[in-house]
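Data first, discussion second: the structure below is written as structure tokens.
Letters A, B, C and D mark the chains in the order given here, with residues in each chain numbered from 1 onward.
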């Protein structure tokens, strides 16, 4: 059994990591930490784990932590991960970071969107962006894995095959997300009485996931990507549905487009592309799947992609990446 | 037009009061206050009031306030109202208090449940409990009105006629409330991701509305009342449904029981008692109605009552009380 | 008091019409019909109307109906209205049709999208499209009013000013609607257990509101409009939020764009355009408002518009149109 | 691998059985049937099973079915199971029936509550009521297992230990259930727009689960049980919370009561009794747990129990029972 640790376990992604890793046949959770007023059992934070995971959730002590585990999941806020990862890497640990800290390679862009100077330029260079459908070989060799954001995961998986084949232009992503995407910290915006029956867009032209999407799409398509991306909050707990509008560079029928998707995804365990229907969000909730459907009219295409933001959009993908790094079957513990 | 003020307007009951008073043909809102970091227009706090109510929501200044209005609604937290009401009463104003401060006549009980010593014993003696279906004449003459709590309103209206006629014993109230009953302050318990799909009971045997219910029922039935009362939170925004279990002191058919209810409520504009069906919560949402239905089996009765906690359970009843005090039609602005 | 009838009162728009017309100071509901297995009181269909509206909801009898009322609201399914309106018009009645039957002027397009041949070409020619912000003078003289669809109302109000001034091109409308937009007929898709936590797009490139939007925008801008329009269902009861993507034909700052909106809407009672924020759906629920916000980046614009689909998107706008036709204040009974 | 069949797989419990049995390491689903207009792949009925379970869901053919599987789960409506089970039993198959048909031993009571004459009296005599916490040894030998109802499961587990020890009297069960308990058939009552924000009680004194509860409690306590039971629907998908009111036959502190619960449940894998808190519904959703908490005041006790109605209240318990019958670990495939 591989010993794994969750650092920053008091949020939604930490909770979901605990859930997945508990059910994983080849690993054992040996250390959990979170920033708490006082140390409590994990099952006090999340009562559903009573009788299932009763480890104490400790305040982070790196020297102690490295003695306890070999793989570290960082479910920390942005700008905290880059203070923790260097020590772990130096001690020879595998680090899977769910924050944005090791995703953006351009330091200026990082500062523009996350408002602080990056503090770990050395490791940033070697981080691997953990999207298994495109970077499987790199991931297998990674020591520092930058787990993709939730919006980027569903957006990129829906777009990348067609874009890479030169079929798309003028991409617009209209994304709708459940509230767990915003984190577990209480706020009037997330108050049940405020969100129930509500719906709103936010951060037009300026969401921090925009550069992450563009960086990947630019690399994969070998030309500068400049998509438009608008996030929305909908009154659901989990899941993202992205509706993507684009022009086709040449007319292409459904079969042609489907064959392009199949070229990339036919052997992927967690992507399902539909021929004759559109995906519903609920069909991927509690799964690690990304479901994709689309429609075409002349030289216009509309693509609809869905994921569970806590699974394929965060903790599920992190475990998928761990499986690749450790040489396990990619879908172990995820079905 | 009568000039009215809302003191403590940043919560759900304050918002709903503004809504009702704006639509009331005989009054005008002339002063609004709330405890805020900085003074802002009311429509900044609640954007739905844009173009409808653009008064500035000020930090409370009592000397200024008394020059602006003649009727004061206190939508303040418990233990704050009794610091504000005395000055307003001394200046000859009418005070309608939505907090619990002037409901409980027994000072020891108040301290036991609200954890502080009451600071305004003088006015407490003269406060009138504002349940119009039972105390209409007293209310018409009130200067200091204690507006009933949400749980007590639906519980009492469902029970009191049968209890007063000596028909009930061993009363148990199982109440289910929407989340606005818990207030607008953010908390993990009210986070959408926590409450959605959730359901829980709280404060068994010890909720602060229990003594309010017992005080009223004791007075109306002229014998000590000791009901059991359990509140629950359900994932809805507004409304309370109370399921009430009791023994009948003698066998009584549906018609007999219905005639008792009609004796008390036939001329009341806001109570509907159903003969052949049970009430649904949604049918009273956005109305000032209390709907009541019941079933009988031998000497057991089950009564189901529903209200909108923000209307009949708070702001709607407060306006109903204001109408009575000012000599208007009881339902003015409430239909 | 003007006597009004609701034909087809068993759906959501019929219910909401009853609500609004009951509260309207200058009209009286004198006839209600719906297709039912047996005639029942309206308050049996919708218990919330108990003690408020106890008229019997009859099976439609046109000869009887015309003796009872002078203004007829048709809340009928598409392809039924054009069988009912001719008789009413011949008898000199005012007809406000909430179906699509008198909206589309092109008979071929009607047949393409609604799958039947139109049966009332004569009256179709004279019908007036009831969008008060643009056609106020025509509406005042209308005898047959085609009340706009819900998606078209919010889409057109958000786009039309900028489009008419020649500022917009390449318009894409991504619309998210609550479930009441789909009607009251039970279906597995609308089952609570299916829709709760769910989200999906439907009818890519082919929704029946698309030609309605294009017809209006073509007329107002005097050039052929071909927008892309994608509807989605979200797990809320009421409301539509439309996120609209377009190119600007020339660079234009926020102030310039705001002044264009103000040129059209400054005197309109039910449109609010925000300078520095985006609208939230919930702020227009239970109101007749359309709220609009937007963001600009270079020559790209994103506009967000929201309405309550049952009010500004259906019954509220129908009452607004009735007010104009009858010479009342436009907002009577709607504030 | 044991071959298992699901008969009646188009409802919520059938879907959940498929989910659980797919993940079970010792069984294989080899036959699925449902009453459909035409035979389709199971993943057409439930798209979330795409790429996971693509068996065709056939119209039931018993002769074919018995050749395909050895254990049969009947997720059929009441009064249908007793037409199917006899043939399967005669062929030597193990039958786990999720309907009510083999739960009620008294034929008159069955007819009173289910409105038809029971058609399989022979097998009814030998059916075993599948509540593992009380009947483990009987279950291990069962050939025809009557899987308990959802309301009875949570009610009985919360009450039975204290009742059996002679500590309880005058039991009242106020139960609140999510909508999946009502089945998957569309109805106006379950329309999202009707149920969202709604709450109602139904069938006072007459729900069909009442005799099931009383039958078990009578047997376990060796005296006639006559509880009061009121079901409610709340706007959630899954889960039941039961609030139970009772008198204590003698004063008993928390520790004493806790020790009684522990006597029955300390070794049970799926019951958690809390000492110092009340259970929240959400903590058992997607688990097979029944969580129990309680409060005491004098000789009054309030007990709160929660389960996921589709797991411990139906399909999860059915798999638990299968494990016992087949000699597997009781919690195999359920953690």
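As a convention for this text, contacts are C-beta pairs under 8 Å (C-beta built on N, C-alpha and C of every residue); 3 or more make two chains touch, one makes a residue touch a chain.
None of these values were measured; they are calculated from a predicted model.
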Requested in this report: Check every other chain and keep only those touching both subunit B and subunit D; list them.
Outcome: A, C
Query - Reference subunit D; chain at largest CA-centroid distance - result: C
Query - Result of counting contacting C-beta pairs for C-D and A-D, higher pair - result: C-D
Report task. Using mean C-alpha positions as chain centres, tell me how far subunit A is from subunit C in Å, no decimals. Result -> 40
Report task. Please compute the C-alpha centroid of subunit A, do the same for subunit D, then give the distance between them in whole Å. Result -> 37
Query raised in the report: Quick one: subunit C and subunit D, Cα centre-to-centre, how many Å?
Result: 46
Query raised in the report: subunit A: which residues touch two or more other chains?
Result: 178, 194, 196-197, 235-237, 279-280, 282
Query - subunit C-facing residues of subunit B, complex - result: 23, 47-48, 50-52, 196-197, 272, 277, 279-280, 282-284, 286-287, 291, 335
Report summary line: Listed in rising order, subunit C residues that touch subunit D in their complex are 12, 178-180, 184, 186-188, 190-193, 195-197, 235-237
Query raised in the report: Taking the complex as given, what residues does subunit D use to touch subunit B?
Result: 172, 174, 176, 178, 194, 197-202, 204-205, 228, 230, 232, 234-239, 241, 243, 245, 278-282, 285, 294-295, 297, 300, 302, 304, 306
